[in-house]
């Protein structure tokens, strides 16, 4: 929302109404973050002592770098897929104005499902030996696939599962953006001779910039921290092929019980998410209109 | 374009889309009515004699009903708490045209959830709240509050300031204005925020895994037991998944019209 | 942590247990003890019997069960958070005993054992020496064994007969047998075993030892870069690659047992614990045969044998009431009942008892199973990763990644095994 | 440059008819205004000419070409929208050149036309800004500039001034007239404001409920309205209507006073209405005889004085010279300027 700069003091101040929310945030977010930073810097661990030892260890840890690469791979592939497919879906929905009834339910359902349930469905459907997915693949005359069990494809399969779940969400956001675009501008474009793909490229896409950015921010925050579905399906495998930073940190903390080091990895991850949000915030100026 | 083509193409396209998005969910529901032998049959059977065996296993042999109730309590109360905090905050943020609080509330969503587990556990243990509903509700409010805030802000921003100003002139104070004048105007936003908060709280499993106690375990956490009980009991697993998936799907279905409108997250313009 | 002393203990177990009427089981009547259990066969059997404990002692039990991954996450949070809510938990001593003890997460059972809170009829010495040792860190008793288990070789007798095959005489023949099975019956997968990260060590151990390998060199330094070890890893990996089910790298025991139980797999090396699960499936009690993993070409047979145990949390406020539960749950009576349901008892008197023997003689597979267990508890070892004191899970993870590379054909066994030498030695503290 | 012809055009949404059987011609180079109350179909008509709306029957021709099936982009028209409809994400320069680019006009030509248009409209200094950085008046000029660079056959304006404040409106109005004088291109202009229509138009089409009430020059409409509707719509303050009984050239008011009316023809005596514009009413010299009234409100405007008075039960507006300032409550005698009182029948038709 474009806010006018404030020129005078508003008579009524309701700032105090934020206080309860601020208190919750302080107690439930700021304190744990502080504690995690304390752990990350070796607090509570007499072995390493207070310092940057955990972070130095990161730099030399091939597993960390591998997890970082995988995190980015998942983030980029899923984000691009979802934005492209979501925009395409939104354009279709907008064109045919069919967001009602069954279509609406179908569109809303996937991302309202618990990730745990999505993971469970994936386990059952994508099982290489017994799953319905391979049955379909074989019925179509192709060789059965390994799906999540293939170290080369597992990350992409995870990205596809997330895309299945969240593309409709992106589509809805984009649809909201589309429907709020000024209709007159489209009429002006029609008179100016921009139709079909040219209209999409010169008018619709640039106008959707801020909307797509919002969708990208919301999705990247989730994608960089991706956890639930991997945790349920592959637990980071096969090999390290789906060990994202979050999964790696979890393993460090809860399997290897290396809490300080796990905290260090999580701090890096949190900074990464922050960085991506700032990056998109920086883009905002360039795409807003 | 003649009329037939006009309706045929989108019909085919959207049916295909609906199949892609719905079929895994339907497959889950279908599988939950298969007998243990049938559920792992290959090639999978589409025609079979439905059985309630899996649900009997689920509700009979485990305390799944109790866990489902826990899920309702935690999701319901954390939604309530989230809204009670987010509504006045969103009002204040919108009225004073502040930018930073909404951004800060995003921070809660930036850190990986696993990062919170241990600090929270220690915190709640020291407060004697470990394993209580209170701890779970507070933890889940960290999910619901920012979500509600983000959904509500565009609604507050879209409300004419004159309404509030005329309320002031009529001698009302902030809270009265909020409750009497503003909320009735933005109730579709409140509905969307409520549904989304409830669903996301219901869906969240990590916090409950660490913070729930013997009596407060949620259905989602309990459902993990079906992965890894000797052999994976796919039928019971799918029954549990279906039961867990039901409330979000039913809620979505009930308020779908408003959800579609409310999910733009103020994405409309810069 | 070895089981060489089993036979010696068997003799000791003949000492009769005198039930003492004087012990007051109801001393903690009305208290509540919180249990956290990993969802194993033992747990499932116990779940239906916990009421008996409450009836006997008046102590109420609150139980949480989780599957292994969630169990670890929750247990770690509770222990690291210093929770006093947790009284009794399950522990895998071979994996975590030194670390847990170093962190003060175990209550000291030594003094409880000696004190008058122990029923004189309990007889700690009745647990086999090796199983007792598994729970002793330094001088301190930290946990009590609830079972004895190890990977066993399961195979489909009917399929073997149809194809004119015998149980392979040694590991070298395993591949040939699998190849023949593949040829003879294309409907059945010849071989299945764990491939999921972190879980491979347990069924792999026997392959390594029987092939003449080890997890440390002659100087005691951790390494996988030994000829026998490489051979074992190669065999394990290539069996899964050539003859295993699709997606083996995501399989742990649940999937393997599933395949076996559904009759889709002809051979496997999987936990003895799952025997009773397997027998519940139609047809399996007739066509499954079970035995010790075939020895190496030179006859070496050194299988893996471990135990799960019960421990009391170091932070528990009700250690004595919790101790009552441990005594009951690991006591002769309970073990005897569980043994009737396919849980291999950790007590010598039960293992050798008439009831268990009678139960085992009721069917061919049970007899084979009992015999195999007896053998592995005499010849087995509980070490199935490179030696480390407190970082066992990481060592197992590294080992798994080596094996996965072989399963996936990304690397040959030698290159994969020798590449991690530095890594595993860094864990050896 | 082109003429525009609308012939027997009908448009409806289902049962609801928006435009019923309209026909008229617009001359080449003419400034034509469509005026009427909201919902009269004037914007729809304009958008039909633009090619943004379809219609069921009849035809529309631009020049000699029937454009019924020609898409908007090929009609060689340019349109200025009420809310300007600038491309928010493009600079002003790109906004103006976009239509030409889409047509593949060469770069130098685009440059030349943009430079020329921005000089005409004095928006040269805004070229590198984006629309959101411009004031309403500036945006309006840009919208016109965008139309100008296209060098279209016909300019279409859809209520282009209604988002501007009163002062700017007058300025831009003059500017559009000046533009028309300079370009001599056919312009069609839609407004609901009769002042705009009167000041700008060569000819005006008055629309009501999808049908033409009257087409004519501003003077025609002012002096010779064909219906009570047109008479009331054109002129400010609006024409006064008094219930009368008409007999020949004489109208008898409810008060019994008799007034001369100018008739188009003759008909049997019948009840009807008398229409007289406020500026065509004077007051008699003191002591003279006229229609008696009571002054309710006095609005001195300086140049004029507006009086709201009551004749019998009927409120009447009177415009007097600025130096005459009666007081509320005064009783005055009104005199109607001879030949300016018009007669309407019960159906609102001029008689």
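We just call them A, B, C and D in the order they show up, numbering each chain from 1.
Throughout what follows, a residue touches a chain if its C-beta (ideal position, glycine included) is under 8 Å from a C-beta of that chain, and two chains touch if they have at least 3 such contacts.
It should be emphasised that the depicted structure is a prediction, and the values quoted were computed from it without experimental measurement.
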Disregard chain A; the chains then group as B, C | D
So if I look at the partners of chain B and the partners of chain D, which chains show up in both lists? A
Note to self: most contacts are between A-B
So, comparing C-alpha centroids, which chain is the farthest one from chain C? D
I'd like to verify one number: the distance from the centre of chain C to the centre of chain D, where each centre is the average of its C-alpha atoms, in whole angstrom. 94
Distance between chain A and chain D based on Cα centroids, please, to the nearest Å. 55
Between chain B and chain A, distance of the C-alpha-averaged centres to the nearest whole Å: 17
Taking each chain's centre as the mean of its CA atoms, chain B sits from chain C at a distance in Å of 40
Residues of chain B touching 2+ other chains? 40, 118, 122, 224, 227, 232
Residues touching two or more other chains, restricted to chain C: which are they? 69, 73, 77, 80
Where chain A touches two or more other chains at once, the residues are 129, 250, 253-254, 259, 289
So which chains actually touch one another? I want all the pairs, not just one. A-B, A-C, A-D, B-C
So in the complex, the part of chain C that touches chain B is made up of which residues? 34, 39, 41, 44, 62-70, 73-74, 77-78, 80-85, 252, 254-255, 257-258, 261-262, 274, 277
Chain A residues within the chain D interface of the complex: 182, 184-185, 187-195, 198, 202-203, 206-207, 209, 289
Would you pull the chain C residues touching chain A in the complex into a rising list? 69, 72-73, 76-77, 80, 99, 189, 195-198, 245-250, 259, 264, 391, 393-394, 397, 401, 404-405, 408, 410
Quick one: in the complex, what on chain A touches chain C? 127-129, 144, 146-151, 231, 233-240, 250-251, 253-257, 259
Quick one: which bits of chain A touch chain B in the complex? Just the residue numbers, please. 1-4, 6, 10-18, 20-22, 24-25, 27-29, 31-33, 35-36, 39, 89, 92, 95-96, 98-100, 102-110, 112-117, 120-121, 123-125, 129-130, 132, 135, 164, 168-169, 172-173, 175-177, 180, 210-211, 214-215, 218, 221, 225, 227-228, 232, 245-246, 249-250, 253-254, 259, 262-263, 266-267, 269-270, 273-274, 277, 284, 287-289
